[in-house]
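This is the structure I have questions about; it appears just below.
The chains carry the letters A, B, C and D, assigned in the order they are written, with residues numbered from 1 in each.
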């Protein structure tokens, strides 16, 4: 049996979530489903109460002969079949006749799918808690930096001034949105799978629907309209929601990585990994992990979507394609959320570098402001041409934008020096930034998160 | 200029939706945004009313010099920049001074993103209408076939009996779910994009937020908390919802394709494409198109997710990666919905072939029923062994399962012949199928769709 | 530390390959690189010979404090940094001064990338051996069934007759092609990574290139033109080759799965997984695994491609996105190759079912043959129309195609009954099938595999 | 009929290649295949020579009733069926009896696949020419900048010095590799598709193989071992090669974009798109296009791989999923190659900014050099600690690294000031950079490209 995957689980994952996705947790979740089914069948007089007790007593993951189960899974085609055989064996040791009632009327997919849902119910809220914490930190940063002016960048170039508060508010609002959507997707998928071999529930007898209701209730799930063996839209929608989360986290990580480049230095990362050879390096490890997750998630989401067209009542290949894919997707999303939460909590903001960078262009970053003002007087085309000429002069001569603009009679005639000076002040050209930050704060309060 | 793409638009798309996604429609949507912005700015006294009128008069897609716009887009990096230049030129012919007020305070992304939203608002409801119609047809099939017994298949093998009604109900319920989710995703993305160069709205002056509210209202959109130039989660979520729709449609198409195989023949397709060489062939073209869409959608969704980590206030490459990808995704989803709607409306159900196929295994398809009954008497392990032996005998000798079972004293002792006969009747082993169908119908009624 | 992933490694993987990809093997490969580097540096008098000996003595995977390495990897950003620290600690116990010379002049990426290449060199040939064995089996099937006539199917419908030999030859030829391509891609990627921090080899001193040559030689690799820290085309090409392998295996698996459907029964699977509830079921587990791999591989390949645009001399996120993705891709390809090899070796061919199915259409499957013959006499359009009418009559009345054709005077005038009978014999309409099979055999012989 | 897609073809594509992929070119390529088949059949006496002449005369794309073909494609399931019908109609006008001999013995897939191969043969060499030109430019840059010292960056942070020549050589070598691989993949896929309905060539009569040889020769293709209707590995391998090309181009574009950031300014882009609102902006449009292609290609490649598991002799959905996907992939690869070729040809290198940036860290960028030298004297651990302390002092006090190192007695004792000064000179720590550049040049010469 391979021992792959543990070496990277702390690097790419989040310890608490990894525990919920571990082999032990997977096995225990499957056993929990068997226990719930047996308990309900006993309650309803379908199987003996002491059989249900024996099943409950035997259903402990730590007792499972895991190497055998893993080996037999290869020929059975899934883990549930050998796991149930293992459970029956151990139940029989407690109560020989009880073995008959293990998994009675169910199919292996009922157990595997419902166990998956239970694991998601355990793992995803932890991811959401990370997102919530990250959003709160981002909003705190936004409030603290309502007036911290910085360069706004488009195409990786200086464009017009903004504030760091606006940047942080953008992160916060996106985090809030994916927090909400991930919650909806989790609610949506929180349904029992119980259908028997082909979804008719025939093996469960006359009380099938009521059994479903009761098993679902025991496990804290809803009983859906129908079994969903080959209707994977809920699972796929959850995968999608996770993929979108990774995208949002990746965007934040990329921003932070770019803003903390040596030459830009507007943000600093207190932590960061060290280099084996270069003592001066503090590497943005959290950013790298979140970006790595953003690169990996789309392929995993695509796999879950590709697996959807499953045949008949239970398909061939589509369903097993989901198993490790979903687990990996939850895991890297959790790791990414952990990384971004940590990173935002330890980020250092350098307002003075932001100011310095704003001045790099000798004022040319304010060209839009000047152009718009000038356009209302001399027309847009003319304005654009004159301002572009002044900007080029700054480039060529190194003089300030104010001087270059002031040297153009057409501009001076339209805008006096005091006006030009005001137009060249980044702090006077922040538009609705403070108001937008306030809107983000209010949206978060309204949502109550 | 290439002329690619038209040859396949009717094959893979849906005519009405393709019209909404055409180059003309794209251009008109962008112009509509400019008109709305100018109108609002005129209302608020920011620009002259007659300038807004001139802009409105010039904003007709058919007047645009499209080859020039397409050519200049290559150097500008997007279509909006040359389109605005083209619009300014035509506005100036009407009112020279009005050209200054075209696109005043906005950035090209404001126009492109809002136009995209307008196109989605026009196109996606048509997709939803197809899904709704297909769901209704599927529910009608479900009602009509509550008692039409057929083979339930797992791993492409006979498993236990179900009804065709149950199969159709499964399709209907999945269609209803994606109809609802696609609606939510469309609502979610139905927001204005208006942020100016870096999202601060600085170019729009003091009334920026109010302008946003008014432009959004004019266009039938919501004004979101903040501009979302590099926060693409809403767009990505819509892409995901479309991907899940394609998966659900692909599953239905695959089921129909498999059930209409020459050897199975339980469903027939009245239409279908002809073969150029084989007069006897009626090809399941609609199934192929829906399966093709299910194969293509995951890659397109993954692209949109991969594009999410956009840099700073406006990124480099991520955003343009969305454009054709989203359009193509909407288009193939529309085509798939059209194909499945058509296919379900013209499907032929062959109950007699269903019955014939049920009998193919001489009754062995009922092995679960016999095993479960026997297990309660002689224990599960024993039951499984005896039934498996009888099934093997059927395989080897061709005798009926009833005869094989009846030849085993252990079985006969537990279950008399009448019981065995009842256990071997597929119609007696349909579990909760009718009740599940009823649940699906109720769910649809409750939803009011 | 999570324990995820072992439960599924035998199901989806191939034991021998999984061992090569295990955490132990990964660690040992990295240590092997350090040993080779130190040995070469000692040979060239750069580091003391006894330091190299101490490094070699300490470089045993089983001695590594794996939990600590895994935990520290999370803050370091990769596994090599803590692993080297662990190695230094253990080297120092043997020879305190030797610790300085561990990893001397190298960077962590040198170790991780070269170790990856070593693991690929160990694992991929095993996958290729499976492909080769499967190809050989397929060719044997092709030879044995040169004359086994069966239905050729297009769009999941009967089209024209072929032979099972032709089908198997198609599988064999595709397997041979991907066997060859995978070999080329493996050769291509079999290069040393040794560049130091930024690829200049500065840390390795004056003999850097010669050291690279010698380390490469020791490890059985080529020394490439340049280090390739952020140039991932070789790795990506290998990923692609694996993806194409999974596609070819998936196609074979899908064919087998479809041909062994209960209603078709032309192939049987001797092995196959049992069902927990239905004693009669023999599930095509191998097909499901190969199809699952074909569903998963594209997303994994896409991830490796998405990770390619890595920044500067070493990137941010792209590289770590490769690690688990590549391992998983090799693993599932190996599992799929194992499954298909096993499946082809144990497949049962049922020529009698092939014949029966050929007759299902009462001869209509021969419509192309009749049409082509008729067209040369009465023109294509006329021929198509008359044959289509006869085919429809078979459908409606159940009479044989021969009778239907014979009832049409226009046809009878053109083709006498003997001709019609010959045209309706599937064995007379196999075209170049035997010759194509021979070509496949010759291509394999020429290739010498 | 939609008119989508033209608006973006010049933005994302390359005009010459777009022309090869246009609807007209697609239709003409299909017609060319029909002409070649008829000519060969006439040569061999299978069809009348004047029929072949009539077919050749009628086979002009501009005469095709394209709207009808597009509309009928939707019900036929592919474009070839209505196109052949259209051709027959036009052939009949020339020679009524010739219509029978159009497409004689072939199937629509023969025509579509072979036409695709012809289009690839026309389009891909143009992409390769772009790659070759870009590689040549990159090598010229490498030669010109063998001694242009710049910052080497890892994790977006300063690491150790390199030269711009080394960076450019890395680009050149990767471009050369993908140029070669794309050539191999194109050769590999340059095969005829001719198999008839189910790949047996039955419709082509006794001379089928010889017809294939002759048709292939006429079209400049190889005749493969077997028809490959559902064996898509060659097509998939080409798609993969294109995907890897996009990855390599995306890496170059990302490097250039990052190096030309306002704050870094080591590269400049002479061209670049203008902004509608900000006169000072020169946007790196070419970089954006290449990055956009690198984001889109993986999803398109994944789609082609996902489509591989096609059923039986001709599948259901997999094949049509390839059509637009492949075309789009070729198109964006061409556009990306055009953008990068243009960008490299017009790039401005700013050695003085490279020097300035090197000095940003007061010499700390040389910490690896100092550490390695120091380690050989006082041991690695000690060396790392002392150097890290000096680096931290630079950070805190702003003094130079030389001063900070010189203030540490342990360091001074080991390394005298002259040695320290030498160790702190970036030009002395470039390792094998010039030799690596020379290797890249030699590799290109050897390859003869």
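By our rule, a contact is a pair of C-beta atoms (placed from the backbone, for glycine too) under 8 Å apart; a residue touches a chain by one contact, two chains touch by 3 or more.
Predicted, not measured: the structure shown is a model, and the values here were computed from it.
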Could you quickly compare B-C and C-D and let me know which has more C-beta contacts? C-D
Chain centre separation (subunit C, subunit D; CA means) in Å: 23
Subunit B-subunit C separation of Cα centroids, rounded to whole Å: 31
So which stretches of subunit C touch two or more other chains? 77, 153-156, 159-160, 196-197, 203, 250, 253, 257-258, 275, 277-278, 283-284, 288, 291, 294-295, 298-299, 301-303, 306, 316, 368, 372
Edges wherever two chains touch, nodes for the chains themselves; is that graph a line, a ring, a star, complete, or other here? complete
Would you pull the subunit C residues touching subunit A in the complex into a rising list? 1-13, 15, 18-19, 21-24, 26-27, 66, 69-71, 73-81, 84-85, 103, 106-108, 196-197, 203, 250, 253, 257, 271, 273-278, 283-285, 287-296, 298-303, 306-307, 316-318, 320-321, 323-325, 327-328, 331
Partner subunit B, residues of subunit A touching it in the complex: 77, 88, 97, 99-102, 104-105, 152-156, 159-163, 166-167, 169-170, 173-174, 177-178, 181, 196-205, 208-209, 225-227, 230-234, 236-237, 240-241, 243-244, 246-248, 250-251, 253-255, 258, 291, 294-295, 297-299, 301-303, 305-306, 308-316, 368-369, 372, 375-376, 379-381, 383, 429-433, 435-436, 439-440, 443
Flag every residue of subunit C that touches subunit B in the complex, lowest number first. 151, 153-160, 257-258, 260-264, 275, 277-284, 288, 298-299, 302, 306, 357, 360-361, 364-365, 367-368, 371-372, 384, 387-388, 391
